[in-house]
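In structure tokens below, several structures.
Here chain A shows up in two complexes: once beside chain B, once beside chain C.
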Partner chain A sequence: MPQILVEGLAKTYRVAERDPGTWGAVRGLVRRRWRTIEALKGVDFSLEAGELLGFIGPNGAGKSTTIKILSGILQPSEGRCEVGGLTPWRDRIRHVARIGVVFGQRTQLWWDLPVIEGFDLLRDIYSVPPDRYRRTRDELVGLMRLEKLLDQPVRQLSLGQRMRCEIAAAMLHEPSILFLDEPTIGLDAPSKLAVRDFVRVLNKERGVTVILTTHDMHDIEALAERVIVIGNGTILADSPFETLRQGVLAERRMFIDFEADAPDLAGLDLAGVTVHGRDGRALELAFDPRVIAAPQLISRITAAHSVADIHVDEPAIEEVIARFYDLHGAGEA
Partner chain B sequence: MDALRLYGRYTAVSIRSQLAYPGSFLMMSFGQFLVTVIEFVGVWALFQRFGHIQGWRVGEVALFYGLASVIFSVADAVTRGFDIFGSVFVKTGNFDRLLLRPRTTALQLLGYELRLTRIGRLAQGLIVFSIGVHMTGFSWTPASAALLAWALAGGTALFSGLFICQATLAFWTVESLEAMNVLTYGGEAAAEYPLDVYARWFRDFLIFVVPIAAVTYFPLVAAMGRTDPLGTPAWALPLTPLAGFAFLALSLWIWGFGVRRYTSTGS
Partner chain C sequence: MAANLYPNGALRPYLAVLAGRFQLMLQYRAAALAGFATQCWFGVIRILVFAAFYAGGAAGQPLSLRDAVTYTWLGQAFLAFLPWNADPDVADMVRSGAVAYERLRPVDTYAWWYARALAWSTARVLPRAALMVAFASVLLPLVGLGKWSLPPPPTWSAAGLFAVSALGMILLSAALTVILNVIMTATMSDRGANTLAAPFVNLFSGMIIPLAFFPDALRPFLRAQPIAGLVDIPFTIYFGGLTGADAWRAIALQAVWVVVLVLAGRWWLERALGRLQIQGG
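Up next, the complex of A and B:
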């Protein structure tokens, strides 16, 4: 029995359509026209305990609707969803006692309170026994290096410091599942790395199941073994990230520095290769390794021209995802 | 029991964060006190001119006025979370956070803030009530004291229920509905005078629809040892504050509908 089971999950909203302008708003008071929005159109997946799932998709694709249903704050219109044997929206209180949720854009701590007092209050909200609380808290404080932050009011923390405290706060009651909604949004590079490290430790060493939504593809690359791509309310792909990359964009990039100005390569037999950029002596080629392997390409070029340096790279992950959305017509509406 | 303990913790936290700005706390409380005292001075002037209203003298009205004020200040202080519910929780989506915690939403909102500045109005109510006690020779007995405490409990429940109803509407309207002030502030104002000064239809409203008379007028008439000029039998008078708790229970039930609406539409 998987820890999270989702079957045929669908959610439709009815929103009032409003004509533009003041007059339209007034008219809307009298006669309303409703428009139905299908946020989810039948989503199925399951997750075993201890997995780390990346959940990605353009804005409005249905990511946050799914997360809201899984965390018990939204009821679906149709479908089944069980988390640890409970139906989240029906057994809300028992369900939320077993999950932790971090919203990157919202705090769960108390703005005016020192961090440690917010932690203490969460202990009482979740009824964590005192000695177990002390042990968990001290571990989390050590792991996230929060010692110096504990006595500061939350409003005085930087975003990165706050996010470390937020994740620790979400783990105080030792949930078995952690939902992270854009945990690295707006963070500087060191803070992003710290958050990723922490999530990795929680998942690998503590066996916490993690569901991560993000627009930062480096989060996905660094953390997720499995990725679900959602678009237009359906699951477009559910696979390891590498599989996704190869399926969508097998293309590689070759960066060549020539001894002289970058030459015209028209005379060479270079099927499956396109010139992607050219700047003085530097040339960037895109090639399909299934048509022409990198060593072959290198030897053909070096045979004809003298080359100073070569390296081969994969296209940026953002490009892979953007290409994927395009293929499925799932770009932002 | 655990819920009560948590409420205590919430309250302690709320008090500490309000006292972090002592100047603001003192000014606001004093302001509350002053505004409401001036209100009573107006009532006083009225009686100086007319002597009595339907046989009620100023000392007796001071008792009604004081009790209503004390009840309202307590209810207003504890239900702050419901008062600002629409703008702070619905509009911003912060209600999600309450749903993510393993506690009832009502408890979390009650714990949101204990508004200390209402101490100004509480003080005014107590002073006016003491004046009434002094002028009427109100006799303090265990029975009359218990009746007052019982009325205070029922009254706090009733007005809290009104604030909860007001907050429930915010699930549909998003912003808190100022129209509900007719029932909250207006209800308190109506309770400042003895019930029998009002017209029949308004009396019925205050007894059967929003039972404000049941938590102020009837128990106070009993505590004063008077017979009700409206003819309510003496044995029934002390029971009436129960209506406040019934009203609160009904409000919480309606609140549940609002929460379900929120979870099915996602605000």
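Up next, the complex of A and C:
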């Protein structure tokens, strides 16, 4: 029995619409037109305990809606969803006691209270026994290096400091599942790394199941073994990231520095190769390794021209994802 | 802290938020002093109006001038119990959309908001009421204005009944605050609920003028509606205008309204939060 089971999940809601201009506003008073928005159209997946799942997709794809349904905030219009044997929106209180949730754009700590008092309040809200609370809190404080922040009011913390406190706060009651909705949004590089390390430790060493949504593909690359791509309310892919990359963008990149200005390669037999960029002596080629292998390509070029340096790379992860969205017509509507 | 008395009790989260918010609100000393000064000013104005009114012929008035003065000071002391506004913390959450995250707490949302409302009102009333009693009951007699002061209740039984009725007032105030929270959550704005609440509450509680001054034909209705329990019932009991069985009946009415408003608020809150839409993917 998987820990999280989602079947045929759909969510539609209605928004009032009006025609533009003053006349439209007046007409809207009398007759409302409603537009139905399908945020989710039948989403299925399941997750075993201890997995780390990355949820990606363009803005408005339905990522957050899915997280909100899984965490018990929203009721779906249709479909089944069980988390640890409970239906989140029906058994809300028991369900939320077992999960931890962090929303990158919100704070769940009390703005005016010092961090430590916010933690104490959470201890009472989740009815954590005092000795167990002390142990967990001290571990989390050590892991996230929060010692110096504990006495500061939350409003005085930087975003990065606050996010470390938020994640620690979400773990004080030792939940078995952690939902992270864009936890690295707006963070500087060291804070991002700290957050990723912490999530990795929670997942690998504590066995906490993690569901993560993000727009930062480096989060996905660093953390998630499994990625679900969601677009227009449906799941477009559910696979390890490597599989996704190969399916979408198998091409590699070759960066060549020539001794002289980068030549025109038209005379060479280079099937499956396209010129991707050219700048003075530098040339960037895209090639499909299934058509032409890297050594072959190198030998054909070096035979004809004198070359100073060559290196081969994979396309940036952002490019892979953007290409994937394009292929599925899932760019932001 | 009271919360530690029930380390594993079901009440623990609610006591924690009550204690936490109470402590936080008590820190706002400047707000308490400003409120006290404003309420002294309004108390004096109201008493001057009553004095002029009674000077024009006091015969047949339902309250004596002395009782009207008592009523006025009590009204100023307990002003912050009047549910003029939805809870400002909840208003912030509604505005920012964070209100949905209240559902992530493993608590009954109604009881949670009720505990917050209780802490919010009592923490604001306590310092203001203490200052007001010091001013109106102690200072005024000392400077020779005893006639215009706030006297203690006339009998021990009036004092006891007032204590019970004041508890009803506090519980009623919190129940009404949560209902304003719910209206605000359902309409996604705090403007509507707050604009309507203040004049309505001022009039029907007896804050503007004691309900006894309203026409005879209206009084049975005015005394039976829930908001009378915020001002008119407890204050009339205080100066001995309602005694014995009459007082107990009035207190029972407060209790009935507390139960009705809590049940209605609970039902409505679950409905409003169930229908809530959250924008943004």
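Keep in mind that, in the parts below, the second predicted complex is superposed on the first by the 328 of 333 C-alpha atoms of A that agree within 3 Å, B and C clash if a C-alpha of one lies under 4 Å from a C-alpha of the other, contacts with A are read in each partner's own complex, and residues count from 1 in each chain.
The working rule: a contact is a pair of C-beta atoms (placed from the backbone, for glycine too) under 8 Å apart; a residue touches a chain by one contact, two chains touch by 3 or more.
The structure presented is a predicted model; accordingly, all values stated were derived computationally and were not measured.
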Under the superposition described at the top, does placing chain B and chain C together on chain A give a clash or a fit? clash
Quick check on the superposed pair: does A:V101 touch chain B, chain C, both, or neither? Answer first, second, both or neither. both
So, A:P130: does it touch chain B (first), chain C (second), both, or neither? second
Just checking: does A:L113 make contact with chain B only, chain C only, both, or neither of them? Give me first, second, both or neither. both
Which partner chains sit in contact with A:N59 here, chain B, chain C, both or neither? Use first/second/both/neither. second
Touching both chain B and chain C, residues of chain A: 13, 65, 68, 71-75, 92-94, 96-97, 101, 103, 106, 108, 110, 112-113, 117, 121, 124-127
Seen from chain A, its contact residues with chain C in the complex are 13, 39, 59-65, 68, 71-75, 92-94, 96-97, 101, 103, 106, 108, 110, 112-113, 117, 121, 124-127, 129-130
Contact footprint of chain A on chain C as seen in their complex: 3, 7-8, 12-13, 15-17, 20, 24, 96, 98, 100-101, 103-108, 274, 277-278, 280-281
Enumerate the contact residues on chain A facing chain B in the complex. 13-14, 65, 68, 71-75, 89, 92-94, 96-97, 99, 101, 103, 106, 108, 110, 112-113, 117, 121, 124-127
Chain A-touching residues of chain B, taken from the complex the two chains share: 2, 5-6, 9-10, 13, 17, 20, 93-94, 96-97, 99-104, 263-266
